[in-house]
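Order of writing sets the chain letters: A, B and C. Residues in each chain are counted from 1.
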Amino acid sequence: MSQTIEHIAQALNARAEGDLSIEVTSASEPATAGPDQIALAMSEKYAEGLREGEARAALLWEGADWRALGLEAAVFVTRPRLAMAGLSKAFDPGPNVEPGIHPTCVIDPTAIIGKDAAIGPFTVIGKEVKIGPNARIVGQVTIAEGAQIGSDALIYPGARIGARVLIGDRLVCQPGAVIGSDGFSFVTPDPSGVEEIRHTLEQREEITEQKWSRIHSLGTVEIGDDVEIGANACIDRGTVRATAIGSGSKLDNMVHIGHNVQVGEDCLLCGQVGIAGSTRIGHRVVLAGQCGVSDNITVGDDVIAAGGTNIYTNVPKGRTIWGSPAVKMETQLEINKSVRRLPRLFAQMAELRETVTKLTQKGGTE
Amino acid sequence: MSQTIEHIAQALNARAEGDLSIEVTSASEPATAGPDQIALAMSEKYAEGLREGEARAALLWEGADWRALGLEAAVFVTRPRLAMAGLSKAFDPGPNVEPGIHPTCVIDPTAIIGKDAAIGPFTVIGKEVKIGPNARIVGQVTIAEGAQIGSDALIYPGARIGARVLIGDRLVCQPGAVIGSDGFSFVTPDPSGVEEIRHTLEQREEITEQKWSRIHSLGTVEIGDDVEIGANACIDRGTVRATAIGSGSKLDNMVHIGHNVQVGEDCLLCGQVGIAGSTRIGHRVVLAGQCGVSDNITVGDDVIAAGGTNIYTNVPKGRTIWGSPAVKMETQLEINKSVRRLPRLFAQMAELRETVTKLTQKGGTE
Amino acid sequence: MSQTIEHIAQALNARAEGDLSIEVTSASEPATAGPDQIALAMSEKYAEGLREGEARAALLWEGADWRALGLEAAVFVTRPRLAMAGLSKAFDPGPNVEPGIHPTCVIDPTAIIGKDAAIGPFTVIGKEVKIGPNARIVGQVTIAEGAQIGSDALIYPGARIGARVLIGDRLVCQPGAVIGSDGFSFVTPDPSGVEEIRHTLEQREEITEQKWSRIHSLGTVEIGDDVEIGANACIDRGTVRATAIGSGSKLDNMVHIGHNVQVGEDCLLCGQVGIAGSTRIGHRVVLAGQCGVSDNITVGDDVIAAGGTNIYTNVPKGRTIWGSPAVKMETQLEINKSVRRLPRLFAQMAELRETVTKLTQKGGTE
């Protein structure tokens, strides 16, 4: 998939100089770049690497002297990570899926598949499923009865999309993701210990032996446009309403979304984040890896949580948080400092008590 | 799947009034309910919603005046969540699986499949597998050689049940669950750093480079009746004995059960809980989301742990715990309060030291 | 799979006494052993169990009197866990996969599969894949275009190996593992809140609404020899370079490896560990269950982290760590002790302030 420097500059909406007809087939770090690669040298620290490599063209920082760096062409970028988005898209070959529907697929005759679909082997598509145009379903996928998926979906092997799930356009679903598993909702005949301690915080009446009955998940999952679901991530269906993921939100690998959860738009939920049932996550929330959020609470818009943060209570919008239990990041930094200094505090306390005891005795003998 | 109000009341073992012949096809929140839906209005706060919606019948709180709420029939419930279990079961259509065995399945001729099985496409069933009556296996499932599964199993796509695994009646296995992966058990020729620090807590002899050899998992997994395994959850087989999950226990999505672990009866292990090798979990234990339990310890009956709790040592039965390391919940609440007040404590200490120094100096100059 | 005691002793490189021609078919705990099983009694505490069971032969601790224990043969071991590695390997039947390629597989004609392969049903192998000799692929596996796998691979159902992934010899890949999912790398047109707080630690300019653009993963995953990947674990491909797992490293169930991560040789990453993008893990690192490691940091060789440790910053080589944020294990033990004693410290402070106030007043009235 060869690209001219001119074409790359256009894709990045960036200024280019030199021989724009040079063709490159992929991108590389500067030191290891070959003559048919574009070097990624978006800050001055890569100058040395450029001299070691054999690239004829590079993405450069604004103001770089490309001729002096031994290049024949250059594209100048001001926001390197954004440039990487455009460049990597241009070079991504995407998965190999043959056009059309593989003859091994089992597709219900009532399913409606949009035009230009490419569906790989052993895919199972249930009754009355609707899939929009340009779907790429790599193979070994399940799409259960009544599910609806918009246009331009990209679904990798092992993904399981449950019955009646509704998904917008441009879904990206990584391998093994499960959308529409049953919610984890069980109830005992009499109030359980868990229900008790929610009110009493630890005090419990006599413990009784009880069996759990399932509350079935009659709701479904609704997912907006431009959503990406990570490998082996799981999204449970709602009890009556749908569990919902807003447009533009991205879920990383092994993220767990409980039943009835509402995730807003343009959120990033990083690897192994877990959100318990019926919780609401606002728009543009970023939860770093392994964050956990309790059930039935609200996390406001634009909240950012550091990795491993445990959120047990509502978080106001716009807050940056850290820790377990979660507090403002600056508070947690203060706590961490205090905790490290605790042994010294204990020593000071011991010393001070001794001094004061002496003072008191002295005072007492006066 | 239309139900009369009379039938619903019977299913819930609940009292009903009004026109019990009204038929409804599903349940809804009160404000959005249509005339063919039963409204879920199990506390007084839903009265307003009932007036907005178009439901003719509702689940109501005990003592509600259904006529005044504009209804034609009502079912009175005293424990709403329990009522939801019965109601949701009545309305759950379940997955769509055609009766019989789909012709694409690869089933070993020595496998014994009980009567009235429904097995969907691309399922692989190994040698000498035994499956009880009424199994619903949605499709794309693996059941390896020698596995035995009781009656009324419901197994979703992508589930992998390993060789010789033994499972009781009424299993529910969500998509992508793995039962019977190999245990994570490795050993070095000489004692490893991990073995050393278990004794010394940090002090290590000279660090040596060593390779890990696998201890193979010859044991299997034994699962009781009425167990549910969440989406993408993993249960490792035992080394010699079986890893065991007691009857009535429910495991949520992405729960990890290490080799040789024994989980008792009627436990709830919520999303992303992890239990390391050879640990024993008692009966009716509830571990909220993302709890972690170390290897080779015991968690007593009826223990409840808050989300994100890290359990490193034995926990006595009946205890409610929180934190990392886990302590009694009331202790953790006290700790959290203390930790938040730490900066103030440091300030007080500084002030006090100054005062005492002055007092000492004054005393000294006397 | 019957084995003589002589053969077992050879496999373990251990000394044996008695009737070495006795044949056993499996191993058992002493008390439940039958006459055709070898009892695992590698320390003196198992003597009683041996008398209860019916084993004719046992693995015994060095110096045990096998005749007095009622045995006819004995193998003496000095390092029991290492002996278990050898013994369990000897008795492991391995998964049942018929030799050859199952007729239901969809294998691209350009794929090259080594000799003596056993590939189970519904496996999909893409263009120009290369697989070494003696592969055992249990079935329902995906190996995408251009992937290369060395000799003696063992791959369980539901594993997904992505395009162009490179893997060495003797891979063990548990069910549902995903190798080569796309990295979780997104960028906004203007700097996002996350980028801001990395510099300012909480302070943020005006919050703006922005959409995330994907940075595509052009890199792949490179895995050394003798690597094992746990059930439902996920390894993301790199952005430009490859994500790398060194030879001899073992990853447990549901481990998450972000894009560009470099894991060294002979590491153990236990259940549900997560490592964020571009982080480097040294050689022989052991991360216990649920550890989390931030992006773009370095964890040195021979680091050992206790379960649930959150690593936010670089860790020097050889260190044993615990806690959140991670500190030396001995420091964390000290912190835990201090934190538990905090309420007492607050009480002492209150008392002391009162005493000092009195002293001051007394001093003031002098």
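In the analysis below, a residue touches a chain if its C-beta (ideal position, glycine included) is under 8 Å from a C-beta of that chain, and two chains touch if they have at least 3 such contacts.
Because the structure is a prediction, the values reported are computed rather than measured.
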{"item": "Shared interface numbering between subunit B and subunit A [over half = same, under half = different]", "value": "different"}
{"item": "Angle of rotation relating subunit B to subunit C [CA atoms, steps of 5 degrees]", "value": "120"}
{"item": "Gap in Å, rounded to a whole number, between the CA centres of subunit B and subunit A", "value": "23"}
{"item": "Contacts with two or more other chains, residues of subunit B listed in rising order", "value": "104, 122, 140, 158, 176, 232, 254, 272, 290, 324, 339, 342, 345, 349, 352, 356, 359"}
{"item": "Subunit A partner contacts - residues on subunit C that touch it in the complex", "value": "104, 106, 122, 124, 126-127, 140, 142, 144-145, 158, 160, 162-163, 176, 178, 181-182, 184, 186-194, 197, 201-202, 204, 207, 209-218, 232, 234, 236, 239-241, 254, 256, 258, 272, 274, 276, 290, 292, 294, 310, 312, 324-325, 327, 331, 334-335, 338-339, 341-342, 345, 348-349, 352, 355-356, 359, 362"}
{"item": "Interfacial residue positions of subunit A with respect to subunit C in the complex", "value": "26-29, 40, 79, 81-82, 84-86, 88-89, 91-93, 95-96, 102, 104, 120-122, 138-140, 156-158, 172, 174-176, 226, 228, 230-232, 248, 250, 252-254, 266, 268, 270-272, 283-284, 286, 288-290, 302, 304, 306-308, 318, 320, 323-324, 328-330, 333, 336, 339-340, 342-343, 345-346, 349, 352-353, 356, 359-360, 363"}
